[in-house]
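Next up, some structures in structure tokens.
Shared chain: chain A. Partners: chain B in the first complex, chain C in the second.
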Partner chain A sequence: MSSQVYPKDKEILPGLQIEKVDDRIMTLNVGPQHPGSGHMRIIIKVDGDYIVHTDPDPGYVHRGEEKMAEYRNYITNIPHLERPVIHDSCNILYPYCLGVEELLGLEVPERAKYLRVIAAELNRCVYIEYWLAIYGIFLGHSTMFMWPVGDRELLIDLLDKMTGARVTHAYFVPGGVRNDVPPNFEDVCLRQVNYFEKRLKEYADVFYDNPILISRTKDTGILSREDAIKLGTTGSVLRASGVDFDIRKKEPYDVYEEMDFQTNVLKEGDSYARSKIPWLDMFESCRIIRDALKKMPKSGSVRVKLKPKPKGGDTEVYRRVESGRGSLGMHIVSRGMPQPYRLKISVPSFRNLIAMPHLLTGEKLGNMPAVYWSLNYWPVEADR
Partner chain B sequence: MVDDLVTSKQSKGLTIVDQINSHNANVFVGKLGDILYKAVDKPLGMALNWGRLWSLWPVHIETACCSVEFGAASGPRYDVERFGIIEAFGSLRQCDLVVVQGTITRKMAPRLRLVYDQMPEPKYVIAMGACAITGGLYFDSYNVLPGIDGILPVDVYVPGCPPRPETLIQGCMLLQEKIKRMKPR
Partner chain C sequence: MSSTDSTEIAKTDESSLASDLDKSLSDSISKKFSNVEIAYVKPDRIRVNVKKEDIIDVASFIRDELNFDHAESVSGVDYPEDKQIEVVYHLGSYTDTSLDKKILALATRTPREDNPRPGNDSTKLPSLRDVFPSVSFHERECFEMLGVYFDGHPDNRRLLLPEDWADMPPLRKDFRIKGR
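Our next item is the complex of A and B:
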């Protein structure tokens, strides 16, 4: 990504105006091998301790998902489409399945809709736990790596029971879910989720009320409400800046409108607020899972039978869902073939990455890790 | 089976003295290496390898989605530190193990080679995941290398997409078994 791609808007991107490099300014390459996580490079120019120019350089994991989808049919597309975010694989398949169902005119069974909601919310928690663990590593807080990674295994066990795989579930298929849950799943799920929620409350003591964390993240990388909307950020970044936007509430899909939950909004817009929103979201996910378990029909089919190579009409669909990082959309163009003619994935990570030069410029170099990972950005997904 | 695996870089014709006296080592280090080689070769060789195999330091380079399972392997449930593999470390000058975590794209390949070249000898490579072995799911993608054999000498292949942490741990233990049987370098 070069600086010419950006619009020349002095309000939005103040740091990119600097072109003359004098003796005071030093260029630093952060990545692609760095002690944090994520395989991307940020080219940073520093004046003393202050960042004067930030140029993110993604694309180290560009694997051509969109092109590959054009020569695989609608069902065989499922495994490789979940690879960009394997720890959030249910949520990245969600818009694809919703889109293909609309394309083929499928009616999803009621029980499958609830199972989808449960799997998606469990997976959101698994994603956020991993994200939180890496945030701990970024700030040099090893306990915050160990706790979430350990608690995450509880939910991975549940998903393992449900789908048969640790992280790459491929559970969602057009027309429902791949298989039904085992007989005693409801009780186990309820017990695990209740324990998980109890553990979540303890994170406040070790992480969120920790004075060192607060001093490192409070008032760093402030994104105002107007800029958050202007730059097109989504998900927790947008909600931390005071915008109440959650696709589960605004455009409910499947059975989310029947679920009892709220969206968390904070007004500060700094790194601390951005790190707190996903944690608060996990409590809401636990609420949704309990609610869905209560309302789910106890029996019934979970999948519509499909023809071997279903063909779509001459139309196009766009569906989006709220993933662990924000709005995730898929645009499927069909030309009456078993394969999609074009598949465009609109990923939240890339949209949040656009805010990075705006946030980092003017910060101290030491605040870079805290701001960078608080953007809820997963490089593999951004590169697709 | 392990004996077959032990076709190390040693068998390619380079003696230890050649390796130490290569063009990038300076004269003093070369002389010192000579003396060390004579003193340490047979008697302390086994001790050297023993020390190496219980403190493998993987370099923190994440190349694709297998890093999620690598992270889980360092977590409290699987805890690779029990087997002498330390949690991934930032500074590559102090590391001796590269775990190639998944897909290598055309943009990443030169950087991966650069990281490997900058690490001090002896160094070992584990190819983790189907993508690092053959290209895996992305065998027909325009931007993905069909395996990392072309750019790095791989010691152990760990299959899976992604491999479970248990599989990765077994791969690490195979590598330790291999180091035990290696000639000391």
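Our next item is the complex of A and C:
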């Protein structure tokens, strides 16, 4: 062990550093226990009421998913890979399944492609509702906590019928989906999604047109278009800064090419725009689900039968999808083994993390929750 | 499952499916730099292997001339039998709409030591942070997970691992999970 300790002069213990104390600048630890930071720590230095330095410190929920994936075969990797973001579990398995299908040369049945799109869009809404509830409660708007959590049940119910589990569905498998939907699913789905959309419209009155919300989020944490591109942000953060980039449109996978929807782009780049984009996305998700239900083949196989422990060739793939938070990519290196040689998960939360010090520095401390949660950041996913 | 035969067939199919734009992108890189290796050109996916001395020049060229403006992911891959660690930058473009689907993988390798002392051994690479600011946190992750020190990165600190982690970088192949 002694040979592996980092011998640096300034350090007293590996990784620990001594820092000089300033009379004027105060250092605050936001998190990791405080619910406002959500399983991560943000080390903030304040001068009076203003933040002068921000250092995000993630890693409190690091599970080593990438290392674990190297020890399990392509099928047994499925259940643990969805753990980083259980509310959006279909979307985190999506690039993995697309990548493994490319490695193994599998052709997905037509009906499974539509079922995947429906499940992915339902999951996106479930995730966004959960995030919206947290955003509401940290802005002190408890109605906006209750409503999304309640309405989310409608979609969780649908996913329960579809997959057999409320969250952590493990529904996507390389070569299709795990099982077909029950016979009356289409009617129930249509009814619940229509009601859900009606409920979504009511959010405008109570939340998005609320003067208190607008005064707290408008013109706070402005991310310019140039910075959003330069920092490589993705998803709602990017689209709120005026960059029209949605993987579902730009690099359509499965049947997204045939779906009728649009991407939402706002130019302001402030917290208000960032919080509005996911809400607008949910309307598009409802459109996609209705469209997919209409176009889906009424019967047929939903899964390609695989041999046990399938092996990939000596190659690598990089596939990405648009998740509830942004572009989610997986880089799978295969060396002819039943296990991936290396699996890199490039998650949108981790990519958006870099915007956090950029936006918080110079803000008032009171605006911290409004800016931080508007980044659509999910600490568990960022840590993997 | 299908062994090497079928994958080789798949490879030739893929390279013939690659569009003219894919080929022109890879050609412009190989024309400008003599000692880069174009590993493959698949539809919308290009991989370029460079030596670590050239990586900043190639990356600047890719940014300025080919309009790739951000990094999607930085993966480090350990190859103990080659005594090397590979770092792959997956680059994409938001500004150039013709490159929407394209991902350019820029890969380089650095020597690997059996007894790692991260930051104090020969496992070092030049940082691309000045070329692509978006790699900043990815490179920090790569440093702690594989022990690749990035020269020129101002912030080579721990990110995800605990502060008192004193074992070897965990994504190296000789770090074994207990019981597996």
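Remarks
Quick note on the criterion: the second predicted complex is superposed on the first by the 360 of 384 C-alpha atoms of A that agree within 3 Å, B and C clash if a C-alpha of one lies under 4 Å from a C-alpha of the other, contacts with A are read in each partner's own complex, and residues count from 1 in each chain.
Following the convention adopted for this analysis, contacts are C-beta pairs under 8 Å (C-beta built on N, C-alpha and C of every residue); 3 or more make two chains touch, one makes a residue touch a chain.
All values reported here derive from a predicted model rather than from experimental measurement.
Superposition of the two complexes onto chain A shows chain B and chain C fitting side by side, with no clash. In the superposition on chain A, A:110 makes contact with neither chain B nor chain C. In the superposition on chain A, A:33 makes contact with chain B only, not with chain C. Greater residue coverage of chain A by touch, when chain B is weighed against chain C, goes to C. By the touch criterion stated above, A:134 is placed in contact with chain B alone, chain C being left untouched.
Of the two partner chains placed by the overlay, only chain C lies in contact with A:245; chain B stays clear of it. Of the two partner chains placed by superposition, A:186 touches none, neither chain B nor chain C. Within the superposed three-chain model, A:68 lies in touch with chain B and with chain C [touch as defined at top]. With both structures placed on the common chain, the touch criterion links A:59 to chain B and to chain C. In the overlay built on the shared chain, the residue A:160 is in contact with neither chain B nor chain C.
Within the superposed three-chain model, A:268 lies out of touch with both chain B and chain C [touch as defined at top].
Of all C-alpha pairs spanning chain B and chain C in the superposed arrangement, the closest lie 5 Å apart. Chain A residues in contact with chain B (one complex) as well as with chain C (other complex) are 59, 62, 64, 67-68, 71.
By the touch rule above, chain B contacts chain A in their complex via residues 59-65, 67-69, 71-72, 74-77, 89-92, 103, 105, 107-108, 111, 115, 137-138, 140-144, 161-162, 164. Interface of chain A with chain B (complex): residues 32-35, 37-39, 59-64, 67-68, 71, 79-80, 83-87, 130, 133-134, 145-146, 149-150, 152-153, 156, 166-168, 380.
Residues 1-4, 6-7, 10-11, 44-45, 47, 69-73, 75, 77-78, 88, 90, 94-95, 100-101, 103, 105, 115-120, 132-138, 141, 145, 157-168, 170-171, 175, 177, 180 of chain C are the ones touching chain A in the complex. Across the complex, chain A meets chain C through its residues 1, 3-8, 13-16, 57-59, 62, 64, 66-68, 71, 104-105, 229-232, 238, 243, 245, 250-251, 307, 310-311, 313-318, 320, 327, 329, 331, 333, 336, 341-342, 344, 346, 350-351, 353-354, 383-384.
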